[in-house]
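Presented below are the structures under discussion, each in the form of structure tokens.
Two complexes are shown next, each including chain A; its partner changes from chain B in the first to chain C in the second.
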Partner chain A sequence: MSQVFTNISLSALLYLLIASSYSLIYYPTKFFHIAHAAVVTSAAYLVYLFSIQLSIPFPLAIVDGIATAALIGMFCELLVYRPMRKRNRPPLAYMIASIGLYVLLQNTISLYFGDDTKVINTAEISVGHQIFGAYITTIQIITICVSLVLFVGVNLFLHFTATGKSIRAVSSNPELCNIYGISSNKVILIAFTLGSALAAIAGILSAMDTNMTPTFGFNLLLYGVVAMIIGGVGSTRGLLAGSLLVATAQHLAAFYLDTKWMDAVTYVILILFLIWKPLGFSGKRLKKVEV
Partner chain B sequence: MEYVLHLFILICFYTMLSQSLNLSAGFAGLISLTHAGFYGIGAYTTAILSTYYGFSFWPSIPLAMLISGFIAFIVSLIALRTVDDYFIICTLGIQVILFSIMNNWMELTRGPLGIPGIPSIQFFGFSVESKIPFLLLSLFFVVVIWLLLRNISRSGFGKTLTAISEDEIYSQSIGKNVYLSKTVSFMLSAMLASIPGTLYAHYISYIDPTSFTVNESIFVLSIVIIGGLGNLAGSFFASAFLVLLPEALRFVGMPDSIAANMRQIIYGLILVAVMMTGKNGVKEMIYNSRDNTSRL
Partner chain C sequence: MKRLVFFLISIVLFLQTSCTNNDRGDAKVGILFPMTGDAGEYGNKGRKAIELALEQVNNTGGVNGKAVEIVFEDSKADPSAGVTAIQKMISIDNVSAVVGDIVSSVSIPAAAVAEKNKVVMIAPTSSAPALTQAGKFIYRVWPSDLLEGSAAGKFAKGKGFKKAVIFHLNNDYGNQIADIFKKNFESETQKVIGNEAYSAKSGSYRGMLTKANALHPDFIYIAGYYEDTAQILKEAKELGVNSQFMGATAIEDNKFLELAGKSAEGIVYPLASGFDVNSSDPNTKQFVNAFEKKFGYEPGWVESHCYDAFMLIANAMKITGKTDGESIRQYLDSMGIYNGVTGQIKFDANGDVTKPVIFKTVKGGKFVVLQ
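Let's look at the complex of A and B:
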């Protein structure tokens, strides 16, 4: 049982990291940036490219991977979403365009690296450390620490720095921000860069733990999105509660039913929330749900 | 020649799928990602009925439509509470659930092993095994669905759906039952999607869940958007284009393994381009039509 508990906290923190990277982009832009999944995947594959194919030292490869993934996120915003904003496209169009971008990026990865499973963690496989009767590997400990630090860091950043405050300002009213001299375009670009970098870290950590295929980012992202919707958009505690709930439900399903039902259980929870509590834990009105 | 006929049959399948999705996505504005799920329900219904219970093809079509319509009704109870991007996320979730049922319910669907040995269609004692009769049969269904959808789009119900997708609250205020119309269009679109499913199962004679994934749903939705929302002929041309695209790529000397990915890259690009310009489908992009009628 303590193993289940360890697994729950590990996944919860990973989903938390994904959800916070995603909400960083979702708050100011208000649309579902599905291509974020491709950013998650591409970061892991870029680390593979740099460290194994180009044999750059591993720490440097990770930094390069994160930077390149952040660039991909920036290019999505600069080349696609910003021109769309200029043309005043309706909100749904952004989501469809991001689905197109996802298909584009994911297949570029498949094309270059192939569809088979890749391994970036070249360290020797060991049993792992034993804590309270549960086994945990070094990379899982790193995942837990990094996710916690980054989650706290993002929240401090959003509340106590000028840039973070301007992201929150744009989230609540972009037009008023433009009047007060905060360029919403610039702020959104910063949000995309930071969000993509965070997503890249989550993708690399997850790929080091469980290996990767070109589509692994999509599931990971959807868990993060579900956590964000369940938690209620725009609330820190909601994100925490949402990721905990998703991770708990998944691992209990794996424990009592079978691991193959993990995905279905996640979406059943999402649907139950959309029916009975469409505003999520935080109760903030979304306007889009419940017309 | 066999291969060319195979391509034509595929075009028929995708035409039926995309036109049926066009009813809910194009006319009613319900952009759904569950379509591959309903396609799969059709295929699995006929596969289970014909291999386990010895049903023939003809009674299994209405049964598949009924089951698919019933599931669509349940789905609409859930999904229609949300709108716009939440609707897409919700239908995406339902698609994943349907896929995971097909993939994991071993007793019913045999999971990833799939169901082999689906018999070919019997037609007045004449077995539709070779490609040409099957193509004719698919064409028959294409024509039936096309005519049906065309008549629906010109009927009062079709106009109501267009009105709802343009302004929901206004159509409600002039006495249109928004919720009922949405439910009916969603169910109808799911029922029609199960028809190519049944045909597909009898055609390939072996089905497994990998044909009914989220990617397939995204592909069908892309066909609808590339062809233009509410444009039935557009859906047909877009299916023909996307089915023949890998062949064209192979023709210019691209290896097989690359052609499949290239097709997806190209349709991803077209999707982004259509969304960026704000035209309704590629046709308007090419002719550069001035009237910006697209709702997307």
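Let's look at the complex of A and C:
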């Protein structure tokens, strides 16, 4: 069972990182930025491009990959969402635009790199470290640590820095923020940049562990979004609980039922939550500032 | 005026269908290949092989002293076009037998037409398991995908493995191959203790491997494609799984070695013997030389299997001297082993070819024959 526990921790923390990155963008914008999945994927492919095709040293390639992926997120906001906001498009239009963006970005990756599995972790495959009877590889330990640190970091950032507080302020009421002199456009752009950078890190870590195809980011994002929804939007503890619940359900389903039920179980939980607890674990609505 | 001409042509064509002669005295063989469309390239390769085979048959006396005729139809690799084409060949051209199709998606519906009309059909390169149950008149010279499943089961049984786990793709191919493995492996002391279906795009198989490893199997059979097999092997190594692994024929791909790296070492997989252009068999040598002389390039797996399929029919008609479906079927069922250019051919009760299977493994980063 210790191996199952390790597997759950690893998946949960990866979902947590994705959910954090996604909620950072979702809080202030309130729409499903599907193209986030393409940011996850493109970060990993950019590292492949930089380190394997252009022979840039690996650590530098990772930094470049994260920076470029963050830029892609920024461009999504600057070139697509911001002009739409200016013209007051209905909420559904954003989601459709973001699906379009996702398809565009994903196909670009497919065309350039091909649809077959690519490897960025060129280290020789070897038996993992044994801890309490469970096997875990170095990259998996790194994933767990990095996710934890970033999760704590994001929460500290949101609660104790001026920029973080303004992201929360815009989440509550963008118009009031504008009146008080906080530019909601600027804050949203910052949220996109940071969220995309976090997503990039998650994508690179995942690809280093289990390799990649041009669509791998989408599955990852789906689990992250489900975790965010069942955790309750806007709640830190909720994100943690949501990610843990999704990962636990998946791995216990694989262990006691059959591997093919892993995805089904995830969505059953999502549906149950949507019916009985639509606001998630935290059970609270986002606080609105009353004027 | 145009309409009238069109109408008259239709009438003539219609009348023609009703007054063709129904005796199958002439040895006519229908060829159903995709000549255009996605698989057109295969059809054109196959056509060359058929032309060579026809020339050789007719140069050696044909059937009952008369030259064998062939009728080509284009299936476009499209099931509905294929069905129309085989219906036309059987009811208008009165062919004695059909060689086709190259692609399984056409062979399966076309087989139903051939079976209904009691016309023998030999599919040269279709591997879909569904063709096995297509009927008494349906044969193929390319083994069914399931052959490797049963070979794998027998191998594990023969080597004395006690507890096997199956990982298979959650589709028709994977489910059937897992069943057939189980059937061929299990006995009093040898059991399949775990059977996991997975999707090819899962990304990570750690959950599945953790579950399997807790059962302590000594043998794990992966019925999948090369990319997912490579990923499973990589994660198995990381998780410290040390069972004997067996894969599917599909893993024989250099990309597999690249993805799985060191974790591929020692995996065993079955390979049904087929066409070998460098074979020392005199039959094969003669075919390769004649083909190269006529068309200027070395024949491959399509050409060789089409050649064998046609030659089997020609042979049946030559030896029995009869050209009706029933006689050809009886001959094919009872002929024993035929030495084709693609190796030894023998049909089982379902009309599937049974071919010797060899086992290969990965050693030092290369695919080698298992000693």
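The criterion applied here is as follows: the second predicted complex is superposed on the first by the 285 of 291 C-alpha atoms of A that agree within 3 Å, B and C clash if a C-alpha of one lies under 4 Å from a C-alpha of the other, contacts with A are read in each partner's own complex, and residues count from 1 in each chain.
Going forward, contacts are C-beta pairs under 8 Å (C-beta built on N, C-alpha and C of every residue); 3 or more make two chains touch, one makes a residue touch a chain.
Predicted, not measured: the structure shown is a model, and the values here were computed from it.
K.L.:
Looking at chain A, does chain B or chain C touch a larger number of its residues?
P.N.:
Between chain B and chain C, the winner on chain A residue contacts is B.
K.L.:
Can A:83 be said to touch chain B (first), chain C (second), both, or neither?
P.N.:
A:83: touches chain B, not chain C.
K.L.:
So in the superposed three-chain picture, is A:260 touching just chain B, just chain C, both, or none of them (first/second/both/neither)?
P.N.:
A:260: touches chain B and chain C.
K.L.:
Just checking: does A:274 make contact with chain B only, chain C only, both, or neither of them? Give me first, second, both or neither.
P.N.:
first
K.L.:
What residues on chain A does chain C touch that chain B touches too?
P.N.:
Shared contact residues on chain A: 258, 260, 263.
K.L.:
In the complex, go through chain A and note every residue touching chain C.
P.N.:
Those residues of chain A that touch chain C are 3-4, 7, 10, 116-117, 119, 124-128, 130, 135, 137, 206, 209-211, 213, 215-216, 219-220, 250-251, 254-255, 258-260, 262-263.
K.L.:
What does chain B use to touch chain A in their complex?
P.N.:
On the chain B side, the touching residues are 31, 78, 81-86, 88-90, 92-94, 96-97, 100-101, 103-104, 168, 214, 218, 221-222, 225, 258, 261-262, 264-265, 267-272, 275-278, 295-296.
K.L.:
Spell out the part of chain C that touches chain A in their complex, as residue ranges.
P.N.:
Those residues of chain C that touch chain A are 170, 196-199, 201-208, 210-211, 213-214, 227, 230-231, 234-235, 237-240, 255, 258-263.
K.L.:
Any idea which chain A residues touch chain B in the complex?
P.N.:
31-32, 80, 83-84, 87, 89-97, 99-108, 110-111, 218, 222, 225-226, 229, 258, 260-261, 263-264, 267-268, 270-271, 274-275, 278, 286, 288-291
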